[in-house]
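Some notes on the structure that comes next.
Chain IDs A, B, C and D follow the sequence of writing; residue 1 opens each chain.
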């Protein structure tokens, strides 16, 4: 029996967890649901000792677990798979596997154990490959295997299904069910209702750091959604847009190296069209997007924007041709920590002026803030914005007239409401003839927003299908590499 | 300490009323630390000697160089010393040339001495003709000849290394002197062919080690020994050569070294020290201070040799050679060599001598002039090593 | 009162540094108060001394201003010392070879100094952007090289007539010295240059797109690139500008202070400039007063030996302690503000 | 030949202590930039203690403790005060060098005690290797043992793996129950102590005695070599020996190129920079990708969290 009592945690003025109580019996598959920023990860980090709570106690099987110590939590049998798998990138998979164990390192024994566990869960990871070369999904698998090898009694998974195929997901869920049957407590954090419904037998919903309800599954989805958001959200309608002349054409493209390599990619995207790129993480979508953005060199093949060859040109040429790229890592590749909203917009405006007119810049910023409903002022630094607002700022920085918009995981980590808002802004751009190409690990997003989905497998195009013909399930099998099913 | 007031016997109580109440005040500008056991300390002790003998008071500032005191120039220091009542100023480094020339022009009534310079040498290349700026320099050439001789007397491998600082007229003339001394003693006391003597010079690039900028003298010394030399003569300000020789001797090798500059230098490894040629500035400085005090100062160029009757007499000899323990039985021969130099019987600046590139320096029987020795353009024929930095 | 003191970490730091300094001076057997008065008197006691202090302030300020530019761009430009030397070498070359009177040669010498410093810094920059060599490593290495090139030139090709020595090259013709005023060593041109540079760097960082780009590249080069900042060019420009200003410092040292090239012409000012910039927390407006304070300590500390027979390395100790305390106490107070004692 | 190598190995001992020590510290993510000042202070203090007490061992101990404390101060200002480690380290560099000069005045160039040579019987008779490895003194042996031990710890032990994790991804280490700050303080202390031993080895073994010009600059060289060696102890040590070997090369080139005799001493830096450029060149990088073994041999990135402060 796992018992949490009065868990409270503040970050400055934000109360991330506000007196949370939770009881989970052994052998359960228990879900923790909540919108973005609800406090799910914070609660799990406290449970796993990663963070110290300001108040609250944890008991497992009647024994007090000291808080604020990952070691104590692990010893008590609580292990966590973080949202962003915490592995050391230059280490081999095996070294990551043994890292954190007590006592002498016996790599030979560890290798055997690693192999056995992988086989049991049907994972396929080369123990000698460096974690850098593993996809996010594989890194998650590595972490799960590691935690199991430590004999955890409570296994926490923080949004483990982003970046894995539906086949892998089925495999993972099967493994989790087996583990629960063995008496393990599985805590499953997600904001994807269908997954929760598929896997779990009970669910706790958190909003603004508080437990707002607990239900036994199955239970009507509307009820859960209302618990999560406080109101029922309606998806906005897609505007119908006429598809124009080809905006982007790729022929026989090869680029990248190692696992990021792509070969023989040909496709065409027309003005106003939305094309989704599907595939396991690291199947080539990122490389393609970066090549199309002018950030990576082409090895062979051609890239045309509005009929003009641009392959071999610099990033600046691509930008001039009307290409814009929205990267996945907002603070890593999109925004500059420390620079304010006004400064970001000034930089992004690419005005030729040498001396900056700060008055005008502030006015521009005020307008953008209002227009994109950003919670912040012109002088708010980008790193002080919440994730959703960072995404809004990125949208605000997009140039007005675009031929091609390239995006990686445009709504990763956003709750339904924010995601919907983001998409409504994006789709509005189609009216001015912008072609959109985006990659996503969220199959529903691909099926829901794309006109066409291009499926990648090992750096090659496996299928190119109209979204109308697709369901998330069918897409899931394709991503796994199976054409016929 | 540089504030000599407390050590001066002439406190107002003890002084006779008719003598001037103020002691004679002079300034001493040192380029390195006053306790560097080398060049600067020798000057500092020269100043102490004057304080003691005259009851004078010395104002001292050390480390006056752009690296140690980037914001203190010789001119600034002279301003302040004059303000503090200095009646005579010593600028004790070759490096202070421009500063002391400017200061001498700015204070024409204050006598100054620029040690190691040639600005008052009327036949020299840089005669400045300033009536208040004189030069004093010791004839270290003799000291270096003794150093070279000592090395030649001890070497068993017939190979001597010379650890040079940087390449200029002064360092070339001192290195050449050591070579001449070594050749003479190798031939005349060892009875060996001086052409078989290997004499290699390596320049580290500065007066002391600056890691990353100069060669490391420790490495250079090691390399000399590893390459077959068994005596290293040091021409730099620091004692790496002696230190390494001491360590290698302790490890069982038969090696020796000759340090430079400071009378007590052998103390770091006495058993392998063949002796040390040193400067003794006191007598010359006292003489000039007295001339200033009694109003007879004249700006002259003085290139002062040893007192040949007793080169180690602290009251008379400007250049000395302290014998080292490592010399052993060879001491008698070295003493004989020094006696020869003293009597004039041995004069090594006599032709035939060629420069390193084979061009003649002195014809057979020709004696070198002071000018030729002072402004030495090359190493001598037979020496191994770079002659110039161009 | 308490709040006021907390708001100004410098007050606590200066007090703490003062206490430690007094302790050190007492330890060295010197009357601490008298020592401090002497330092002050030695630096600003009369017109001539103030002139010397200002002339020491100029190169330090120039080098520090250049460093602010590179630091804002996130570049650990540790090689300033070498860039100052390169500037001095360049200016010396110009002063020795370009014919004509001061009006021609002085600006030319300063310009060549700027170019030489910029080139030296650019070398570290290109090594970083193209060669993958960390700028700390490249800068340090090139600094050592600059030092030995200077010594080589002084002993070799540029040796002076008569005894060639480390006293430097032959002094330049007097007409190519930076002109001075009032029988002091003060060159108004040099002071004006420093003031102008402070203002220019301030304006550059505050009000120009280039300044914004520097900040962006410094904080996150990957994002900056996507935002359309030519990162490599911006990094190189930052190096060139920073190095150019360091080179100008070297040129002023050669034409306005030493009037020749000496081996240790930079005299550690490149390193001291890093202290200045750290103490100023990369803000250009603070560079001028802090550099002035350092100049006072540096010029005035000669008095400690002349009058009190104290080793003047105490000046360096005082500077270091002050900066250390400002930084440490600043961090301590930030910790309290975050509410974690 | 072996005599030259033996001399290089002996003269590089202090540099090896300092560079390997800093490698340990940086491996944990802490950058201790104070080396140049730290070495000066420890060199001075070690000599002063040995001079006053006659005990070389005590001198080494005091040097090690002092520099360890300095490194701990750098770590503390990063870990507890969240300050920029590079800034603090830099200030300490200048401060400690001045302090060493100020406090060391009474000991300048005094003759004092030193490490004695100590040949290993029998082993030193082995041709070639004997002279290089076994005819030295205890401080040189210690430097050699240090390289082997640190390389072994890094490669083979749990401590080495955890140390690298702390410097690479502190969150990952923390999540696994590894105490990030304990490792960082520990690595700073051990690395700092080695830096102090380097200072002591200068004044009690290689240079003998104290004067500020004797050690100034070596700290920067050690820091540069850590980068050059790619944070791998054996490569870092080889970098130290290479630095010495290049000096010997410069020495040998002097008679060949007398004209540039004066600039040859700074040859090691351009050459080391050149080496880095070659190693980083696209072509070699591509080769490294093709042949992972070669890649691992040639390339090594800085610990990802180097110089950053970890907050949970």
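Points worth noting:
Just so it is clear, a contact is a pair of C-beta atoms (placed from the backbone, for glycine too) under 8 Å apart; a residue touches a chain by one contact, two chains touch by 3 or more.
This one's a predicted model, so the numbers in the text were calculated from it and none came from an experiment.
Touching subunit A and subunit D together: C.
Between B-D and A-C, more C-beta contact pairs are found at B-D. Inter-chain centre distance (subunit B to subunit D, centres taken as mean C-alpha positions): 37 Å. With centres taken as mean Cα positions, subunit C sits 48 Å from subunit A.
Rounded to whole angstrom units, the spacing between the C-alpha centres of subunit C and subunit D is 28. Taking the mean of the C-alpha atoms as each chain's centre, subunit A and subunit B sit 76 Å apart. Within subunit A, no positions touching two or more other chains are listed. For subunit C, the set of residues touching two or more other chains reads 144, 147-148, 151-152, 155-156.
With touch defined as above, residues shared between interfaces to two or more other chains in subunit D number as follows: 105, 217, 220, 259-260, 262, 265-266, 269. Chain pairs that touch one another, listed by label: A-C, A-D, B-C, B-D, C-D. Interface residues of subunit B facing subunit C in the complex, by the touch rule stated above, are 1-3, 59-63, 65-67, 69-73, 75-77, 79-81, 84, 93-98, 117-118, 124-126, 166-170, 205-207, 210, 212-214, 374-375, 388-390. Listing the residues of subunit C that touch subunit A in their complex gives 207-213, 215-216, 219-220, 222-230.
Of all the residues in subunit C, the ones that touch subunit B in their complex are 42, 48, 52-53, 56, 144, 147-148, 151-152, 155-157, 159, 161-168, 171, 185, 257-260, 262-269, 295, 298-299, 302-303, 305-309, 312. Across the complex, subunit D meets subunit C through its residues 77, 80-83, 86-88, 90-99, 101-102, 105, 217, 220, 223-224, 227-228, 259-260, 262-263, 265-266, 269-270, 272-273, 276-277, 280-281, 302.
For subunit A in complex with subunit D, the touching residues are 48-52, 69-75, 80, 82, 86-91, 95, 98-105, 257-258.
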